[in-house]
Amino acid sequence: MTYRVLIDANDEKGLVYKVSSLFFKYDLNILSNSEFVDKESNKFFMRSVVDGAIDKEELTNALLEVLPKNTAVRVIEPKKKNIILMATKEMHALGDILVRHEEGELDANILAVISNYNLLEPFVSKFNIPYITISHEGLERGEHESKIIEVINGFEDVDYIILAKYMRILTPRFVEAFEEKIINIHHSFLPAFIGANPYKQAYDRGVKIIGATAHFVNNNLDEGPIIAQDVIDVNHAHNWKDMQRNGRDVEKVVLSRALKLALEDRIFVYANRTVIF
Amino acid sequence: MTYRVLIDANDEKGLVYKVSSLFFKYDLNILSNSEFVDKESNKFFMRSVVDGAIDKEELTNALLEVLPKNTAVRVIEPKKKNIILMATKEMHALGDILVRHEEGELDANILAVISNYNLLEPFVSKFNIPYITISHEGLERGEHESKIIEVINGFEDVDYIILAKYMRILTPRFVEAFEEKIINIHHSFLPAFIGANPYKQAYDRGVKIIGATAHFVNNNLDEGPIIAQDVIDVNHAHNWKDMQRNGRDVEKVVLSRALKLALEDRIFVYANRTVIF
Amino acid sequence: MTYRVLIDANDEKGLVYKVSSLFFKYDLNILSNSEFVDKESNKFFMRSVVDGAIDKEELTNALLEVLPKNTAVRVIEPKKKNIILMATKEMHALGDILVRHEEGELDANILAVISNYNLLEPFVSKFNIPYITISHEGLERGEHESKIIEVINGFEDVDYIILAKYMRILTPRFVEAFEEKIINIHHSFLPAFIGANPYKQAYDRGVKIIGATAHFVNNNLDEGPIIAQDVIDVNHAHNWKDMQRNGRDVEKVVLSRALKLALEDRIFVYANRTVIF
Amino acid sequence: MTYRVLIDANDEKGLVYKVSSLFFKYDLNILSNSEFVDKESNKFFMRSVVDGAIDKEELTNALLEVLPKNTAVRVIEPKKKNIILMATKEMHALGDILVRHEEGELDANILAVISNYNLLEPFVSKFNIPYITISHEGLERGEHESKIIEVINGFEDVDYIILAKYMRILTPRFVEAFEEKIINIHHSFLPAFIGANPYKQAYDRGVKIIGATAHFVNNNLDEGPIIAQDVIDVNHAHNWKDMQRNGRDVEKVVLSRALKLALEDRIFVYANRTVIF
């Protein structure tokens, strides 16, 4: 049996020794191993992939026993994770995930695509993925989200909710309901532009680079822990619609990259940051 | 004689025709030619490199005659431009320019390096460039800048003032005294961080990319027209000092790139943007 | 009426003047204009987008009349181009084009997908694009290609044939039948690796970057004029299958970028090079 | 005392346990830790930074005792390494290292610059670094190298020889004399071009990207284990001299990056590859 072991502890001397001696005791073979210590916050992170004959609970308990109090231990058996995609009207980020899924590149079951419009239904249906339209029209934000939460909770074991260009702001209630489970993609600029139509503002400033950031969603809009980022060059000949169009190419690549990191259990979140192995 | 011809006009039908027919009439050979029309602002930009036997004034006047009112025409004879470098304590951006200058890569005379500290004097002196320390200590910002302005104005025909990590904020008076002549480099992030120690803030957010922006300085601090930008990857293992150190590699490359564009007269500035040919 | 005007001539004085005076005479508005002179080969390239009331033939003839002998003039009315996609077993490059097409991002009709296997048929059928399997089994290369050529020639006005990971070598006969119409994508490395399994070889050398090159296909395998290139970082922890997987992300982005340049008539080919406006 | 511990062993179960238990036994604090197992070659690599009261020999012996036969253990006390720079006529790569050294960014003593020309002497002298001209004129390759080897061997404890655009081919004798100590930078292209003037060839092919590769030098010219690589974009408007000039910016950045990795003892070499922590 192969397991991914993720350990998140307050740093102290001997942690690697304690973990590795336990792996040795249980005759587990280490296939890969990554560690990181954040000295400022005195936090220790470790991700090991091990192989051997022990069950998940036993390994978890054995680790908890030797490690300091308040250590978080996750022993994960690699298998397809359950994800829900949310989208609004754009196809690029959603389509990139659906094609990767179709090609067998993603270790995931796509349970459904949820949208506030029915626009993408014909497209999503091609892939035999359930498409659920939950219109926001005539509803207060809270009511609308309640309906979405209800639909999501109707599925069992949802691991991640991927906002593949879902263009509505989420309330704290929604975010808290799925803590560290919601991954969003948004355009990014240097410098940043706040307010309406950032692409128009970026054009007006004549930026030479535009980017995209994939991040976990927390209560501060577009401010959660960053998972992946990338950029492309633009120039004066790109009007803001060109920038937006080109920006899509970065958005989809960065979101898919973040999704894969999540599916492979490579991300630790702490404070407002990520450690990625 | 070779000239760079830069034209900045309100767009109307026939501009390229008018310019190129005049080049043809004066038997000028077009070595290169770039045009751009910004439809939103209805502005036309053209940069031609031409070769032939006509003098600068004659060509300028001939162009002004055929082109619409309020057209700006610059006919520039390629030659070394006069630049002044300003720095504070860091060597990397300054050093990159000095080495390029030494290697003969820059079409520029470096008139002087001005700094508010004498720290870099031994380094700059190696290159036989005058180093002028103008300490800000005990002076109000206005007084300090007056002294710098006086020194700069003591030189003839200063084309550009390059802020190679000059770490003091410039007042509107200073900026206006050298409009579209001051080029600055500053670190950039996606998202942007405002306030003290942006590298520390960027680290706290766990950014995966850091960048640098070279721009003309106008009255809005760090908000002038962007000339060049670039980024490098960082990860959780880089603490904020690592980020700062790695950021220097981008800063120096981007500033030198912007300087070269300026020395080759490739930059148009309008509104708060640049067109770069 | 809007036209794209592409001119490819031996360079001589007055070409821009001649073209722009003709545009002016016919009251055509220049929406954008790009020129390039390759001094070494003395070649002049110009791409203009003009708007006005003249028909295609008239404009072509008028241009040919004023321009030097042997000038190639193309006056193109922007409209959807007809493309055929060819693939073998992989979905990523094909899927990227199909999703962009579905989203309306490509100015193209996809006439068909041709493959030497039927593997991708279920996927392509989702998009209501004809899928034509032409198996190579039991056929000599020449026979197999004859069948493909026949199928392609059964369509009218095929503008481009896009090899979206079509993994068979084309013979000179095939290539000559569709000169400057076939665009291929292939992985690229620094340094290059010749022979079987280049990803394995790249891994063995420990490359830190892998790339992709989109190019027109000519008789020298993988050696045609380059249209677009890009790279991504890899490291020692990526085995050659990881590299191959990550390489796909670059391949699909670069192929789609090249396709768009072709659809917008932005590419000139000469000698073994491209000029791209 | 802080040490960098580098272990290179045949992989077997329990290696991390054995090493970390020994660190624990000697009360050493692990400041950072990286491991990598190359499954194909069954090789295990580990780099730890530890802090504690034990001397170098004792720690080395203790490690060798618990680890399998044929394990290579290096316990390194971080201190300035001794490097010799070799150059020919170009200043950019050399200058970048000299400025970083001057700024105190490099953990290195530059013992000397050796060149086959005296051209760069005035430049290097500014930095108070000995400049040794060893002309190759009138000498056979072997004689010339003997003189260089003699000079190098006149210095004690040379850790690295950095070829900062040293443009002469080294013989196997020279390379073997300084195994895994010589780092070179050379331009790289996708695809690669063999023979005279690769920039000219790259121009002729119309490449859109040019790169640089820093690598250890072994007997196969330009074929040693790769340490670092990077690229920049070029286009049809860059002639081959422009490409060469722009290429310098990548060369210097990549060489300095490789040098820093070497100075920090982050590189393992095996087979013809590197593992870089």
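Just so it is clear, A, B, C and D label the chains in written order, and each chain counts residues from 1 on its own.
Please note the rule applied: a residue touches a chain if its C-beta (ideal position, glycine included) is under 8 Å from a C-beta of that chain, and two chains touch if they have at least 3 such contacts.
From a predicted model like this one, the values you see are computed outputs, not experimental measurements.
Interface chain B/chain C: over half of the residue numbers present appear on both copies, so the contact uses mostly the same residues.
Its C-alpha atoms fitted onto chain D, chain C is found rotated by 180°, rounded in steps of 5. Work out the mean CA point of chain C and of chain D, and you get 40 Å between them. Annotation: 35 Å between the Cα-based centres of chain A and chain C.
Shared interface positions of chain A, i.e. residues touching 2 or more other chains, are given as 32, 36, 39, 237.
Of all residues in chain B, those touching chain D in their complex are 32, 90-92, 95-96, 98-100, 102-103, 105, 123, 126-127, 237, 245, 249, 253, 256. Interface of chain C with chain D (complex): residues 36, 38-40, 188-192, 203-209, 211, 213, 222-223, 225-231, 235-237, 239, 271-276.
Put simply, chain D touches chain A in their complex at residues 13-14, 16-17, 20-21, 23-24, 27, 29-37, 39, 233.
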